Amino acid sequence: MSILIDENTKVMVQGITGREGSFHARQMIKYGTKVVAGVVPAKGGQKMDDILVYNTCEEAVNETGANASMILVPASMAADAALEALDAGCKVVVLITEGIPAQDMIEVYHRAKEEGAALIGPNCPGIISPGKCKIGILPQDIFSKGPVGVVSRSGTLTYEIADGLTKAGIGQSTVIGVGGDPIIGTSFSDVLEDFENDQDTKAVVLVGEIGGNDEQAAAEIIKNLRIPVIGFIGGRTAPPGKRMGHAGAIISGKGSTADAKVKALEDVGVPVCDTVAEITLKTKEMLGL
Amino acid sequence: MSILIDENTKVMVQGITGREGSFHARQMIKYGTKVVAGVVPAKGGQKMDDILVYNTCEEAVNETGANASMILVPASMAADAALEALDAGCKVVVLITEGIPAQDMIEVYHRAKEEGAALIGPNCPGIISPGKCKIGILPQDIFSKGPVGVVSRSGTLTYEIADGLTKAGIGQSTVIGVGGDPIIGTSFSDVLEDFENDQDTKAVVLVGEIGGNDEQAAAEIIKNLRIPVIGFIGGRTAPPGKRMGHAGAIISGKGSTADAKVKALEDVGVPVCDTVAEITLKTKEMLGL
Amino acid sequence: MKIHEHHARDIFKKYGLPVPEAEVANNPEEVKNIARGMTPPVVVKAQVLVGGRGKAGGVKIAENHDDAMDKSKDIFGLLIKGLRVEKVLVAEAVDIENEYYLGILLDRDKKKHCVIASTAGGVDIEQVAEETPELIGKTWVDPAYGLHPFEIRNMLFDAGFDPKLALKVTGILMKLYKVVIENDCSLAEINPLVQAKDGTLWAIDAKVNFDDSSLYRHPELKPLKESEETDPIEKEAHARGIAYVRLEDGNVGVIGNGAGLVMATMDEVKRFGKGIAKPANFLDIGGGAQADLVRSALELVTMDQNVKVILINVFGGITRCDEVAKGILQAIEEVDLKVPIIIRLAGTNEKEGRELLIYSGLEKYLDIKNAPYKVIESLEQAAPIILETIGVPAQ
Amino acid sequence: MKIHEHHARDIFKKYGLPVPEAEVANNPEEVKNIARGMTPPVVVKAQVLVGGRGKAGGVKIAENHDDAMDKSKDIFGLLIKGLRVEKVLVAEAVDIENEYYLGILLDRDKKKHCVIASTAGGVDIEQVAEETPELIGKTWVDPAYGLHPFEIRNMLFDAGFDPKLALKVTGILMKLYKVVIENDCSLAEINPLVQAKDGTLWAIDAKVNFDDSSLYRHPELKPLKESEETDPIEKEAHARGIAYVRLEDGNVGVIGNGAGLVMATMDEVKRFGKGIAKPANFLDIGGGAQADLVRSALELVTMDQNVKVILINVFGGITRCDEVAKGILQAIEEVDLKVPIIIRLAGTNEKEGRELLIYSGLEKYLDIKNAPYKVIESLEQAAPIILETIGVPAQ
């Protein structure tokens, strides 16, 4: 098992004819993802390798049964693309694009909630259920199938952690990079219960960082979960008021410091690791390996 | 029985301290309507006769259990007042005010639908269930309790008709003036089934006029009703393209002519009267009196 | 509220819509000067608030500025559906390849804005809708979240727009939507949107109507208001703030309170009129009218020389019958009405109103032809009196 | 993006918010001229992009234009939190009766705009929120239908605003909301909103932050952008478009790809540093960096004289390790880096990257103190090498 996506997920790629879109669509296909359609307005009828391109999401969904979408279009069009995917009935929408106006994302976020769809991102690496399906730009070779769910606000740090787990012989059920923007579709809280209910997930690694209150919200959920959660918080050395690379990582109040987040997690019994290497060790321990 | 309002309806009046607001609140009280509160922002704590004024609808509803509202505030504030009443939980909102921007009414209309509330108006005379409750500005002496439901797009024409019925000894269950604006909260279709389901209503008088397609929509509903409906359409002599007094009454397409409306009603078996006097006669006949 | 094409064009321009270079001229000399600064050919278009100006000879293409001046001479002063042409718009002509229709209007049934597009542009859209409905694309705007490009694209693809063109048109419709929302338009239309031979798109005609109820929050639009009335009495009524519409071939002036009641009264006159008595006008004194307004209303109705008798039908709610009676008496005293009035008063202060009229002593004459007015109990009583009045040859 | 108070004031004015008469001056002479045209007293306010200017002596009241000039001399050139005062705002002073706080910001937890108001204005709102939360009113904006006056009124009444004042403040907040929506603000604040002794309301200070991701659709805002960086290296990084933040008291330059990975690497340095080795900076080369950018990043980090050693930690996804290696070699060749580099490469093209570095021959020396760089297998290996480097007294 896995959460959100699996071997039956049918993916369309919005922006498949672009440089990034075609590259990552090919990678996904190579990984075994069922990429069933591309969507590029006014390029309907073209092909990207064997994948037919449609003018609209509606058409793509009707013709191919696509139920998930990856969006790799310019920031000024990305929110509209996400709304189109949601409107067409996609239940998983992975928004890779960076630099989408927050105000546009407010609408996309609430529309996704109304539709009961999982919106992942924006400004995220995507999601992978190793051996089954990948939607996103994650480097696929470092993942392996197994019992650990990973959810993270960071991209490369996630790769690092997954790589560490894989090298230690610990596979992953599903790995999700939720993205680094202030307004994101899926936060920690949204997937923790999914992991709890997934029979094949035996432990969850939660990779937080400074900024916002998502870790505190997650702690509230974790309180009531049986599944063990291993934590990590990046940015302990980050100075307040400075934006660390992306808009999400900025210490703007007491709650958004690394210390506050570590405390919130520890208070509900989550061991918070000091280093990336420690995550692998702690996970092993939690799994009884 | 009656529809929408009855002896248990608790009414608050938004704008109760204004000249119109206080006059009509007093009239309503005189008629026996349970006027439980007034709402005028920044005049909370004042009194209009024995009625306490609140700053907000929320407060008025919480303190008095008001479940309906009459709005008599200036056009620029009326849509906001209606949204406030809906937000506070009122299930019947009667919007008397004339000249509310259509764009504001679009929002109020859809919010009322979402809340499952009956919005009557704007630019309407209101609603009366004779002997039980009146919300609005209708001259109350002309109504009498009885078996006929009346729903009308016109104000004074409604009075004329009700007066005619009353003088002929035919009382009314509920009389509703739905208002003359292009965007109205309650149209014919919305109340026809209520009348059908009201045990005390034995026939319905439907008073339409040129403009829009509400009569055609009503005809679609009437098809499936058992209750007899008597029709009247005003404006047979009105020239096309001219606005007859209020924004709703303008012949702007084939469907909005009097002839098209008469035909739509006659096609579903509704006798359409040529004169106001004929309405009384026809109603008598339908009731077997 | 309707505005002239050139004002609509200015608004379109402000919102980045592709309007051709154009300027307004008040006389042929100005046409020449404006056209001189343009790349010929130019088009000279009558500025009137009614449709059908093309068929009426109000639109002409000119080869150069002299030609433009000459042709404008035929347009100035032209009478189009009763409106005299006082201004023309001089615009650079576009080399037309294709014509499209774009419009956004308020749908009163769905209570949403409706966005309409068609590949059959340049003609009457209602005709297209009737004859070839498959050529009309429509999408309704979510009242909460507003309009999105993807919704427009879906609609345009379905309506048979070329996909590449559809992308450009989507941008234009998003701008047109902004015009509608920010200015409270009840209608905004580009008909035709023209694709020129070089592929560029141009909003050749611009039409915008505003929601009258919203004008209070758009003070900048008020100066754009121009009289739409072709009829001098309607103009006068407009100036007095009275809802009055003149009907053709009528001889019975109709006055009442409330649009529905007035219309029903007009219908009644027509019905019992036996082809002899016909309503001459619609006049609604509204709710709560004071005596002054009633007086003014009577004066207006008698400006129509065809009116032989006036029927007043008032059912008092907010309106008080005694105020109406006072107004009638004022009018008789101060204005020479020349025609008799049939008066039916009911509702609020009915008794007081009737007494005012009866005790004035003016109704004392036996014959309506000699008395200034006759008070009746119900509308049915009006028919014989009116027919009697009309039936007698004037004078 | 932050902007100066006077720019925020101009935006407020455009939206009809009640800002006092004010003008910007670049030198004391201009202050005098501006103040001369105003009704005294006037206030002279330093224009800097950081808070706390009052305490730093950046705000002074003057009795007349000469006094304003004199006092402005103390303000010009003042250093407030590292930022030098180059402009001042000269404004007519308001006779303060009461001070309030108004603000609208993006709530990232609720994913809605949050409207905040407090009767405790003029002070740090976060402090008020902590000490007297009952004095803070909040309402969240429906993402679909937007903000309505009644929602603001309800909030203001609850927060203890005087009802009559609340009606006026509602109008102000509706305008402030329009500022936020139409300009994509992440924050708009009036602190304080002042009620003058004559009862009038004034937005005495104006603060507006914009969502950087939305700037592409607000070209008119771009010229308002001014450097927020007080640090010269941060300024330089900003100019080069590199995400760089300098840390105090650090000696280990940190470079990586991805904010999370870089922060984790900084944390790791701190942890194993035993109080001796500390991260000197955050530098994220982002995704898919080319050699040039890596070279530029190395150059930046070594501008900090405190940096004794650099740690590069890259996990290639979109980023290719061979490009990173090329950039490192370029930097060594073209820039005199002066400090050794510890390099850890993993992920995409890891092997190629490592081979480029190893076959360059530059790593041949046994001792890190003599070699320009050292390639390591895992981050754990970095600790001893860094400590060895730092531990040795510089020269």
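Letters A, B, C and D name the chains as they come in the text, with residue numbers starting at 1 for each one.
Keep this in mind: a residue touches a chain if its C-beta (ideal position, glycine included) is under 8 Å from a C-beta of that chain, and two chains touch if they have at least 3 such contacts.
Predicted model, so just to flag it, every value in this text is computed and none were measured.
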| remark: A correct list of chains touching both chain B and chain D reads C
| So which has more C-beta pairs touching, A-C or B-C? | B-C
| task | Round to the nearest whole Å and give the separation of the Cα centres of chain B and chain C. | result | 27
| query | Approximately how many whole Å separate the CA-defined centres of chain C and chain D? | reply | 56
| field | Centre-of-Cα separation between chain B and chain A, whole angstrom | value | 52
| message | Residues of chain B that contact two or more other chains, please. | response | 107
| message | By the touch rule stated above, which residues of chain D touch at least two different other chains? | response | 144-145
| Topology of the chain contact graph, where touching chains are joined (line, ring, star, complete, other) | other
| remark: Pairwise, the chains that touch are A-C, A-D, B-C, B-D, C-D
| query | Inside the complex, what are the residues of chain C that reach chain D? | reply | 144-145
| Contact set on chain B toward chain D in their complex | 41-44, 55-58, 77, 80-81, 83-84, 87, 107, 111
| note | Seen from chain B, its contact residues with chain C in the complex are 75-76, 99-103, 105-107, 109-110, 125, 137-139, 142, 152-160, 163, 180-183, 207, 209-210, 212-214, 217, 232, 234-239, 242-249, 253, 274-277
| Which part of chain D faces chain B closely enough to touch in the complex? | 145, 148-151, 153-154, 157, 163-164, 166-167
| Residues on chain D engaged by chain A in the complex (per definition of touch) | 106, 108-109, 111-113, 126, 143-144, 181, 184, 186, 211-214, 216-217, 243, 245, 247-248, 256-264, 266-271, 278-279, 282, 284, 286-287, 314-319, 346-348, 378-380
